[in-house]
Amino acid sequence: MIIVIKPGNEAMVHEISQRFANKADVFTHGNRVAIQGADRDCLSAEELAATQEIIENHPAAIQGSRVFHPEDTVIETAHSLIGGDNFTMMAGPCSVESLAHVRKMAAVAKQGGATVLRGGAFKPRTSPYSFQGLGEPGLKFLRQAADEFGMDVLTEVMDEDHVEMVGKYTDIFQIGARNMQNFSLLKAVGKTNIPVMLKRGMSATVDDILNAAEYIAAGGNEQIMIAERGIRTFDNKYTRNTLDVGSVPVLQKLSHYPVIVDPSHAAGHTEFVTREALAGVAIGASGLVVEIHDDPAHAFSDGAQALKPDEFQAMADKAFAIRSLVKPNQKAEVNA
Amino acid sequence: MIIVIKPGNEAMVHEISQRFANKADVFTHGNRVAIQGADRDCLSAEELAATQEIIENHPAAIQGSRVFHPEDTVIETAHSLIGGDNFTMMAGPCSVESLAHVRKMAAVAKQGGATVLRGGAFKPRTSPYSFQGLGEPGLKFLRQAADEFGMDVLTEVMDEDHVEMVGKYTDIFQIGARNMQNFSLLKAVGKTNIPVMLKRGMSATVDDILNAAEYIAAGGNEQIMIAERGIRTFDNKYTRNTLDVGSVPVLQKLSHYPVIVDPSHAAGHTEFVTREALAGVAIGASGLVVEIHDDPAHAFSDGAQALKPDEFQAMADKAFAIRSLVKPNQKAEVNA
Amino acid sequence: MIIVIKPGNEAMVHEISQRFANKADVFTHGNRVAIQGADRDCLSAEELAATQEIIENHPAAIQGSRVFHPEDTVIETAHSLIGGDNFTMMAGPCSVESLAHVRKMAAVAKQGGATVLRGGAFKPRTSPYSFQGLGEPGLKFLRQAADEFGMDVLTEVMDEDHVEMVGKYTDIFQIGARNMQNFSLLKAVGKTNIPVMLKRGMSATVDDILNAAEYIAAGGNEQIMIAERGIRTFDNKYTRNTLDVGSVPVLQKLSHYPVIVDPSHAAGHTEFVTREALAGVAIGASGLVVEIHDDPAHAFSDGAQALKPDEFQAMADKAFAIRSLVKPNQKAEVNA
Amino acid sequence: MIIVIKPGNEAMVHEISQRFANKADVFTHGNRVAIQGADRDCLSAEELAATQEIIENHPAAIQGSRVFHPEDTVIETAHSLIGGDNFTMMAGPCSVESLAHVRKMAAVAKQGGATVLRGGAFKPRTSPYSFQGLGEPGLKFLRQAADEFGMDVLTEVMDEDHVEMVGKYTDIFQIGARNMQNFSLLKAVGKTNIPVMLKRGMSATVDDILNAAEYIAAGGNEQIMIAERGIRTFDNKYTRNTLDVGSVPVLQKLSHYPVIVDPSHAAGHTEFVTREALAGVAIGASGLVVEIHDDPAHAFSDGAQALKPDEFQAMADKAFAIRSLVKPNQKAEVNA
């Protein structure tokens, strides 16, 4: 249940949570206390007297839900505010290829308004014989490029054992779609204080995503954002996946986490990336994460879906313009 | 194959098509002749001499393809231009309920910028015991309301035997998602000269839609538009269907038909309709078809997905604003 | 609601149904009366006194449900019993190609234990330029071959206007997957007294099928069987569709209609047809409908999925053997 | 490419593989050498002279493919032979609950013909607040019960860091559906010499499964079996997943790994488990893995899909009977 404490009784939030701490999963948020598996009968007369409302019908993913945490989560990193009325552009190459290349891409990303530089150093490839990423050296290149341009780093961690090491370089962990229900990995990033972008699994329902996010929150890390990157449906002849734009307002209604759209993996082909990106902005996503490359034909991975610098710039301009129509109260981003 | 005739040899278009007329399905468009099942060896030396290019690798749905018909189809009705650089708003109640009600809805639709009034008089309901529509009297109400407000009528025809009768009242036939592969019905509307909106079936691939449209074109009716209205996927807990916005640019690349987005059947719940509509506009659809109702709780059908008048007006304003960002060269619509 | 009348009060079944006949959809079965949209409060004290049980929570597709009609439907044709403890083999070519050919295939089918000869004279093809079937002459060939070998005819009707004509030749109408929700066609066959095999649509849920069947039953025709022929999922690289064997016991639990498995359209490739057929038998289907051809490479349609005569014979032998393990109380078929 | 060496030139298998060992991924099987990324031009005249055939068009998952490894893989554990003409029954509780309980279940499993005892000690639960398994103590109970009844242990490993520890107790690792593309975990079990059951992901295509299996094989562990446990489709109202029986013969054609059917997770409801199990046997699976419980209503997890002891016994009897019809040349299992 979720207990909403009456104004003026805030001390009771602490008291109740202490009383149940060893018996159940207990979480607090403002004047709310969530106690897993308990019900009204567990409360004393004094506790009930201090209670404004008891919500017994709540989602399993309680910490992620609006009933527990009504206001938007806004994640603050060195160079970005993510969520709420903010709009955040994230861009970079699919794989980190070299220091020179990732610096070049960082310049392009920054020019287009991005405050987050994405890039993969550990790559989850369908085949074990495909390029698996540069590893830690790639992370160093990425960090250096981001620092030079005053940007945050977003990069994938695939492995519980790498969480500490990757955490030294990144501002935001990415959990890839294939690992969305790798619960050991979710628990591991849940124990850090680094923000996490959780990508939706190919056939994950909205409830599945929110339960996966809850594994991170259960560990104490509430700085979570969700990325819609296309789902698997019956038709993938012309696009790589099916961008489920409709999931964006659904996720925003049910949860307080920022929702980011990844048009690159959804479309899978450059010619459709910009248009899917704009659809994501128009439906109200809190940001975009986009793959860019100056020479897609020779990209180490996923070149077919990378926007060239000029294409990215044109897309970004339209994206910001549409955003200002859709959310006219958008705050300026932090660009330290 | 498709034969592209050299400039200055236009007479050859007619000659070749005449020569094959009794042996194969033959279609012409500008300086192009399509002959089903024939190949280069079927042409005489004289014919080859007049030929600029022969395209043997073309889609089965040849008339709908850009290789046969490179420029956009623009459909002209009394009050609307649909396709090309135009943007068309279509709105109305799910079911025609009464003359008074459909007039009221027509006023709302018109006010929001709609030039097409939609409304169902024959309803394809999942259960035989649900309301099946007012039938021909409903069509009369719809026609009268549209005429009063200077709008076009869009209404569903479910049945080969009704094509003639429905055709007396409507400016555009709607073929519903469940009938997308009702080939007898497609052939029947293909023999008329009334424009057709073909709604995508719940699990129809892009190729399936284009082949279905080809049944209409094969009968001689080329005034076809395609409506994306959400597909069936593994998650329909929070939305009725999954709006496949990504199919819009794919269809526009492969075919010359206008593509319309129906956010009402995709979202299924009012709270998500506006945002899905805007995604449809941002991705470049040629128009929207939206359900509206002044008293959704008492609508004869699908009230849960109807926008109220003020919601529709607000949505339409944003939709036109986004359209002007996405396609700045949009022409004004005909509003006779 | 469904009213179950107490033993000894059977006259009340007629009385109640008469009383509601003009006000609602009313159906009777044995000692049960179903009244759409009515509830307990509509009954008089006398009616309530004669009532053993009132079921208010029933499926929309009431006539097809076990709560209304608890025992299996068994369809009796001239040469077959379909449903209940019977097992029925149905086989034949995809398309009727000629009298000689369909006679040859009838001999093969009969030899393998089939009592129903299938064959298409009207073909719902994805492309309008593909072979569309021989039409009425094909029906004559099919009828003649079936009569010669003492078999029933099963053939598709695609079109309301053809119901009467096709009905002259066939013992069982087939409604194809693409027409599963062509409600006008369902209503038309519902008004005949000819059994109907309703094929599941590519993305039809179990509830969708039962509601579609209800359109037939609502017209008065209760001789309905359902065919599972594979659904559309995210993987169709190696099979044409995904055989949803699990739907067979689900349909049998919810409804009383015989459920037939079509392994040919599910598998799409000969090499997998036999094994999918045996899975269908093992899970308890009431029969199989299988495509056969002596020269698949030159079949007019769907040759890739046709079993050759010896393959069919071997499959049929195993199918009957598995059936006798799964349902040891199987009755012998009628082979007049 | 795959190089097939001529009979009498077997030494060349070793020579070629040595020559490429440091330049590419190289694998050998019998008289075949697979070299990733190489082609015919990389071979010397002498090597070509010893070559019978070069296969350049092979799947990415080369080690799992029949073109590289034509004959069936047969996995031999202490008490079971899995694959080839063998049929293996695997059963046990979803979760290990106590020593007493798992012993009781082992007795039931053994009685029904099972040689493998399944049970979960680490449970991948959708919600972080659900029971997560007994951990290592559960593994000890499971091992003790299996040893007492002369059975093999099958249990899930969720985590790279647990591979060594779980490996002390189990005869077969299970990789769960949610971890099918947890490549770090796949690599980790690939470095052991313990057989692995890889469960198909909810939306994994056949190619995806084979590529995932290749991650295990690439590490040197070729003792792999694949489990079909139902996929996610548009209809899960009555069954938990959709059993894709058709994938069984497809996987068996493309790869040499044993394919096991899990009817429990597919059906999700006891009443359908037996029938899905029999469909799995009839289509030719090499075994079944089934959940059993003597008191399903109080099971720690997934009670709704557990067969009771008598239901399991009845299912197993039918399964073995159908198997003997489908594969009459089945060998007796090892029951040491």
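Order of writing sets the chain letters: A, B, C and D. Residues in each chain are counted from 1.
Going forward, contacts are C-beta pairs under 8 Å (C-beta built on N, C-alpha and C of every residue); 3 or more make two chains touch, one makes a residue touch a chain.
Nothing here was measured: the structure is a model prediction, and the numbers come from that model.
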Review point. Of all the other chains, whose mean CA position lies farthest from subunit A?
Key: C
Study note, to complete from the structure: Here the gap between subunit B and subunit D, centre to centre from mean Cα coordinates and rounded to Å, is 49
Practice item. Determine the centre-to-centre distance between subunit C and subunit D, using the mean Cα coordinates as centres, and give it in whole Å. Key: 37
Practice item. Could you put a whole-Å number on the gap between the CA centroids of subunit B and subunit C? Key: 34
Practice item. Check each residue of subunit B and list the ones that touch at least two other chains. Key: 203, 232-234
Review point. Touch graph across the chains, line, ring, star, complete or other?
Key: complete
Check your understanding: Which bits of subunit C are touching subunit D when the two form their complex?
Key -> 203, 205-207, 230-231, 233-235, 237-239, 242-250, 253-254, 266-267, 271-272, 275-276, 278-284, 318, 321-322, 325-326
**Study point:** subunit A contact footprint on subunit D (complex, rising order)
**Key:** 25, 36-37, 60-61, 124-129, 158-161, 178-179, 181-185, 187, 202-203, 208, 211, 214-215, 218, 232
**Study point:** List of subunit D residues in touch with subunit B within their complex
**Key:** 203, 232-234, 236
